[in-house]
């Protein structure tokens, strides 16, 4: 049994972080809230998503599984759901799961939306989160990061993110030009001094950049020719999102 | 002889209701105002439109017809005219018909636009309005109706509109999901309790939904597997528009 | 040596006037400021552009040329540069030329953009400005002019601009309709009474119309079947732009 009630904007913003990586996936419902972990179709990026039960105005869950698991897994089409939520309205959204019918009922004011669950067997397995250690960490205002990404999109397909001593930098290079964002420790919310950098596909970072647009700050975890982990919070800190992105092999 | 002056916004909003159904058509000018009745090219929907002479700041009409008719019929390209009016400006619009030259002169501030009339013989005949009796009537805020239509567009191609006892409902069904707007008598401006419903093409209702966007309320006249008549007013009640839409035959 | 600092909005607006005519070109740097003269690829329109050194917050230039010229010529991709500046931000922009490396360094807050100069030999020669005498001059509010252009775009491909006695007019004719803007001397900022008119390609005037969108007034210099010169200022009068447009030969 799962029944819950949540602010429409909070749910919409959370779904946007998910659809930046995958169109559909498995959502796990537990006592603690909603959880999701998924990789994009090309296996380049991953999202780990938790929307805590205390982000909801109401949250009732009890597991009916015979196996004694303390969670229920449902397959959802996030893009479709976001499309419906996106028509607007600021009223609370009520969610209700009917496991037997394999449906989720969503109520937005006078609109009732019934979403048939996807067969979890038809969906990709939840990925394992690799064990990673990041030597450098940077906390930056989201808008500053997003602006540099928008500019980099005009230049090329890849971007280098790194820390050079006490400076965080982003660098994109085209045939005729080059763009560099450099921010010293003082201009950042936090920086671990280090010397590391990695090359990433701008296509994936651009998608993530849209997904994070409602977060105030983001935390970048970086290494040398290493994956990047990008963390942020929504719903007044009660939604926690981590994007993980594999580095590109530099051609030179 | 026809000469008139009208607020630009009022004329623009009226033209938008017409172009939701037809691109061009015959406009009748009478003492009482401007009138139009037209069906869309596929014969699925019809508009009956009256813009009363008292909606104009000035309205002068005298018929020069030898047949003693008390009206003049002109063929117009409404899409083209709306395109020109749509470039904006809030000043009054002056209209002047030159029947001999078969032109309409339109003045918007310092811009003068001359529109050659279409040959009425090249245009479809004005349709007869079928005699219909509607068992159920619902009055609803336009924005509530339009929001449900926008959501339904995400689901499928058809929509059911009906009254179920004291509830008005709209229902769209896709392969994987279903959307339902349900409003009780208390949530509506008016409702005739009844049990009727019909299926309509969403394509046509979407077009009408754009056409009615400036109206505050709309009146839905409904029946069982029956056409729907959708009435609303613009120009402070001095423009009266009725859309008529044929039902679809349900496939089940 | 060239180093300068300028308000981001002023530079962006100036670049927009240039990209209305050409994508890339030769910019001359002198003591007096930045200068450019270029024709579009089809040789129909020309821009003469001066951004005075006093429009800059800082402007340092000294010529290193051995030939003793008092100017430096650089080849730039204006569209690319405007794309980068267009991502926004209102901070000052710092420009620095490295002639040996053939690069321009542009700093916008924490973003540093390096633009490789184009080989001037690969660019078209700077055109000569033809000697022209214009019998009629009209000064008009930019927005009034642009609105007439937007309306004319709905009608046809060409537009007549002229002065008829004490009236300035713009006229576009389609197959079925005709649009005319007529403004008397009293409705204009200035008019030289005359009787002249010429036909121009709307495509070029539409591009210019975008380029001039931030100017308050424009000055039209007109003649009989003659080129048109369109002058305006930006950056508080410290940027001076002239568009020159060849007339079309009237088909009748």
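Labels for the chains are A, B and C, by order of writing; each one numbers its residues from 1.
Definition applied: contacts are C-beta pairs under 8 Å (C-beta built on N, C-alpha and C of every residue); 3 or more make two chains touch, one makes a residue touch a chain.
Just so you know, these numbers come straight off a predicted model, no measurement behind them.
Judged by the touch criterion defined above, the protein chains are all mutually in contact, each touching every other. To fit its Cα atoms onto chain B, chain A must turn through 120 degrees, a value rounded to the nearest 5.
Note: centroid distance chain B to chain C, computed from Cα atoms, is 45 Å.
Along chain B, no residue makes contact with two or more other chains. Note for the complex: chain C touches chain A at residues 77, 80, 83-84, 87-89, 110-116, 118.
On the chain A side of its complex with chain C, the touching residues are 144, 147-148, 150-151, 154-155, 176-183, 187.
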